[in-house]
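Below: a set of structures, written as structure tokens.
In what follows, chain A forms one complex with chain B and a second complex with chain C.
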Partner chain A sequence: MGRALQRTAIYVVLGLWLVAVVLPLGWVFVNSLRSSQEFVANPFGLPWLFTGGPEGHARAEAWQQAKANYAKAWVESHFSSFFVNSVIVTGCSLVGIILISAMAAYVLARFRFRGGRALFLYFISGMMIPAQLVLVPLFFQFTWLSRAGSRLLAPFGLELRLHDSLSGLILIYVALSLPFTILVLTGFFKTLPGELREAGIIDGCSEYGVFWRIMFPLARPGIVTAAIFNFIGLWNEYLFALVFVSSAAKKTLPLGLASVSMQSQYKTDFGLMFAALVIVIIPTLAVYMLLQRQLTSGITTGALKG
Partner chain B sequence: MARVELRNLCKVFPGGVQAVKEANLVIEDKEFVVLVGPSGCGKSTTLRMVAGLEEISSGEIYIDGVLVNDVPPKNRDIAMVFQNYALYPHMTVYKNMAFGLILRKFKKKEIDERVRKAAEILGITELLDRRPKALSGGQRQRVAVGRAIVRQPKVFLFDEPLSNLDAKLRVQMRAEISKLHQRLRSTMIYVTHDQVEAMTMGDRIVVMLDGIIQQVATPLELYHHPVNKFVAGFIGSPPMNMINGTLYAQNGNVRFRDDSSTIDLIVPEGKRSKLESHLNKRVTIGIRPEDLNENASQTPKPGISIQAPVEVVEPMGSEINLYIAIGKQSATARIKSDREPEINKPLVLDVTMGNVHFFDLESELTLV
Partner chain C sequence: MTERTSQRVFAGVFLAPAFFLFTGFVALPGARALLYSLQKWDGLGRAEWIGLENFARLFQQGDLFLKALGHNLFIMGAAGSSVIGLALLFAALLHRRIRGAQLFRVAFFFPNVIAAVAVALLWVLLYSTTHFGIVNAFLAQVQSGCHALGWTWPNWRLPVPFLDSRFLIYSVVPMIIWEVTGFYMVLFLAAMEGIPESYYEAAKLDGATGFQQFRHITLPLIREVLTVGLVFLMISTLKFFDAIWVMENQTPTRDSHVLATLLYQKVFTEYNVGYGSAVAVCLFVLVFLGTLVSLRLSRAERIEY
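Let's turn to the complex of A and B:
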């Protein structure tokens, strides 16, 4: 009896949680199908696309409106270009973060060497510094670095541009994400059995071989976890993008969203805004759904004795 | 040809713990040598130094006459079976076994042949497509052995490979590894803490204690002629009974009386000369449980029999293990008998005096 009650209570809480998460998402999606006029008339109602509007408002017309919202966001508001920029920045950053963190974490977790502990603490201490605090110094550092780098590269007809460039942004994202990712992955690599390294070495692997052929594949659950967390953070990152990117062609999705909402101070287009929001949200959901299956741990079972 | 030679091998761990001290050992080609000793005796460390997994503090290791101190493990042409199997969980059994060959850039056909042949020898052909987590402990152990044999290395190293298996499987795998050795005819070095494994498998056994090699000998040599008290007590199950007492001369005989005066034995003539220097000194005698036999008529023979109360009776089926009290000490006897002796009643046992060992009390070295 007590157990049944407990279960019911758990499901009630989980149900409420589900509603709290799904409702706003659904609401955003539904409103992305409506015109501003329709939204203002009944912000929480079902869209005319489903119900048919008042005074025989044609469903076909509502469908046109829905498509128009997305077309406007994608083309007129340049979300196509923001989207591509976001994919490049987030993708490249993720690859960089995972590569560097995984290699660093493996060594920090598995090898004992002079200064190893200090190095680990140095990495981790990065988490204690609020990102906002480094914003201004970093800006000037980039100015200096760009100037120095360009001078070096000038003979080759090249120039180093860290401001207002996707590569500059990627650099920042990678650096800021390392502490957390290294912490997570170090913990994960520690759980992998050390005998596998020795078995690999006797089988003929170099230390790199052990890492790439044995340890990295085995760390997949940890790496996926780290990747999802970083993806969500970077995909939605606004502050650094705002400060370091100025030209429209380099803007990422969060900046695009901000400009749409800024415009709406003068003329509100709710349909457009919600459509833009959906464009930003969908990749996050997709990535999560694709990768969450990989999160299941226990991949190392079977390495050592039961 | 793979002769392994250790010369003055030492291992000092950071922090100053000396795990292996001046180990000298020659393992001949095709020999099956077992390193045995209690945990912490340095046997695994020695093996790991041969494998190249542990740095050598000082001394030299030769494989096939080549100094391998600075040769990385992959170039030593060795294969190792780990206590925990250490199978790669993300690879199938086939890939686990093939991995070393793939890294050495063998041709696909050759890899396939070798893996299938090894799988056949070990009876794991039907498991080749499975992942390690879908295997039982015994099957995993076979895969680990298979991974070693596909490489056809000069030397096989086994680091307590059977200690995670249950008793029955252990006995079975023990025989299989012995068979494998006869079949492959390659040099094998096997580490275990289990003296039964050592006795049953090894051509020669290396007994280690505290990082020092105590004795290197064939199983029967170790059993009959241990060099010191430790080896004598370590080899044999149940272990040898060690009883302290004094040697004294009486009526032209050399006799041994234990500290509690429960037993008084006549030293056989053959052993006498070597014990004369210890007359009227304290010594330890070692009597194996199987050298204590029930006296059929229960009439003590002077100088040969012991009379002691029985404390515990353990019927094993073919024989009976008895725990008897000699003074304050407990001793074990292993007798052939159809009826169980009564507990707390004195029992007369005859000692096979020819098999009794004498040790110096201080140095613990064998006197005779």
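Let's turn to the complex of A and C:
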């Protein structure tokens, strides 16, 4: 009897938190289906789209209203372009981070040379630097870098634009993610057996060949863990996007969501706000469902990413 | 080329991109922030060296800095202790191999991967004072229910303006707990799963209750991960920015500023680069000290299996 009671108590505690976590998310989804008229008439019940609504209110009409919320967010409020920008910025940053970190980490892990340890500590010390510290100097650095770069590129008819550009943001994201990624991958490359390199060299591979054909593919589990945590961090990043991106056409999802939510013309369009939230949450949910096993098993690594 | 030189070239080629990117876009800007904090500069004209004057201003009575720091510390204490407590509780419960553990784990972790901006907006809508604001509606239900029972309490003045500047620092606490508890739960649970089952069996033979097992086996053996969690939580509350910025429409007030929002406002809306950089330097020192102290602690108390 005591055991059964204990068991029930455990499920009640966990169940309550489950409800607290899931309910707000379900609430957002349900509300994204309401029209502004329905927000007044039916704020808490199931949406008319499911129940059919009051008399004279056709389900087809509710469907149109729900679609209108999403259409407004996706097209009129430019969430489609925010989405594309986020994909570009996160994708390019991840490729850069993984390649550059893996190359450095491999050398740091597998080669003994003078200053190697010091160099490793130099990179790792970056994890103690909060991003806010480098934010302001980077802002001014980008101004003169753009000016100097444009002068250099002028003969070719090009200009270097780091402010308000996706490439500037990618550059920052790559640089700031290096310490964490190098730490994780150095640890991983150290676990790979050194005989593999010798075997590769004997078979006629160059050092470059050993890395690209043998070591890099073998490091996949470590790379996946590092990539997942970087992905979550970058896909959701707000502060640097806020400082470095200003034009609407270049905004990423978090930045776009924040700025749309702060514009007074949208403030009272609740259907739009809820639909926008769903649009932002759904891709994260999909990626999470796909990768949650790797994510939670690499959690101790993730805690390092301060 | 000899083999030795070609190996050196290889190492150089592979290290160079990371070295230059890190130096140019992290290390040097970090050092430059220290210089900025000793200057008076509006970001355009000539900078003027003023020594530690910016820092002296930070610690003046009545300055926004101490107020903002206080808000960070409040969030750290209030949200942090609840998060650690709840995370430990949930991890300990799931550690008992109950059915459906996987479902709870997956669901509890999820809010942590949603963008902080989206979480903030979600809570803006939950806290809404309009007719669909579900938190206020819930409070109204509770209140009328209690009154129906003949109680005179509670007497909340509804709707509660949760998003008012005066209350914002308190209102973000439940949001943070909702958002991050799952992360720490999974972190602690991973550590708990590394404890050999035989320890618990021995304790059971000695007649230890579930709580005693938790207190004398689980807790000491996950101490190191607990410390890592604490440090991580401290650092993330010191850097807290997104939610305040969004909930305050980019204009936090005396009552709602935290360190990062103060920094942003000083530099990018008031063009006071020196003062803003001094705030950033203090933030850095706090993060640095916190990390150092707790790493030292965790090493001193490392327990051997």
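Quick note on the criterion: the second predicted complex is superposed on the first by the 246 of 306 C-alpha atoms of A that agree within 3 Å, B and C clash if a C-alpha of one lies under 4 Å from a C-alpha of the other, contacts with A are read in each partner's own complex, and residues count from 1 in each chain.
The definition used in the following text is that contacts are C-beta pairs under 8 Å (C-beta built on N, C-alpha and C of every residue); 3 or more make two chains touch, one makes a residue touch a chain.
Predicted model, so just to flag it, every value in this text is computed and none were measured.
Chemist: Just to be sure I read the superposition right, which of the two partners does A:P43 touch: chain B = first, chain C = second, or both, or neither?
Modeler: second
Chemist: After the superposition on A, what does A:G91 contact: first (chain B), second (chain C), both or neither?
Modeler: It touches nothing on chain B or chain C.
Chemist: May I ask you to decide whether A:G26 touches chain B, chain C, both, or neither, giving the answer as first, second, both or neither?
Modeler: So A:G26 meets neither chain B nor chain C here.
Chemist: According to the stated criteria, A:C205 is in contact with first (chain B), second (chain C), both, or neither; which is it?
Modeler: Only chain B is touched by A:C205; chain C is not.
Chemist: After the superposition on A, what does A:G187 contact: first (chain B), second (chain C), both or neither?
Modeler: Touch status of A:G187: no partner.
Chemist: Applying the touch criterion given at the start, work out whether A:F123 contacts chain B, chain C, both or neither, answering first, second, both or neither.
Modeler: In the superposition, A:F123 touches chain C alone.
Chemist: When both complexes are superposed, which of chain B and chain C contacts more residues belonging to chain A?
Modeler: The partner making contact with more of chain A's residues is C.
Chemist: Determine where on chain A the residues touched by chain B overlap those touched by chain C, and list them.
Modeler: After superposing on chain A, chain A residues 299-300, 302-304, 306 contact both chain B and chain C.
Chemist: Tell me, which parts of chain A touch chain C in their complex?
Modeler: Those in contact with chain C are residues 6-7, 10-11, 13-14, 17-18, 20-22, 24-25, 27-28, 31, 39-40, 43-44, 100-101, 103-104, 106-108, 111, 113, 119, 122-123, 126, 128-141, 171-172, 174-176, 178-179, 182, 207-208, 211, 232, 235-236, 238-239, 242-243, 253-255, 257-258, 261-262, 270, 273-274, 277, 280-281, 284-285, 287-288, 292, 295-297, 299-300, 302-304, 306.
Chemist: Within their complex, state which residues of chain C touch chain A.
Modeler: Its residues touching chain A are 6-8, 10-11, 14-15, 17-19, 21-22, 24-30, 32-33, 36, 43, 86, 89-90, 93-94, 96, 98, 103-111, 113-118, 121-122, 124-126, 130-132, 134, 137, 178, 181-183, 186-187, 190-191, 210, 225, 228-229, 231-232, 235-236, 238-239, 241-242, 245-246, 249-250, 259-260, 263-264, 267-268, 273, 276-277, 280-281, 283-284, 287-288, 291.
Chemist: Of all residues in chain A, which touch chain B in the complex?
Modeler: 193, 195-196, 198-205, 209, 213-214, 217-218, 299-306
Chemist: Hey, which residues of chain B end up touching chain A in the complex?
Modeler: 51-53, 72-74, 78-80, 82, 84-90, 99-100, 103-104, 131-137, 140, 147, 151, 164
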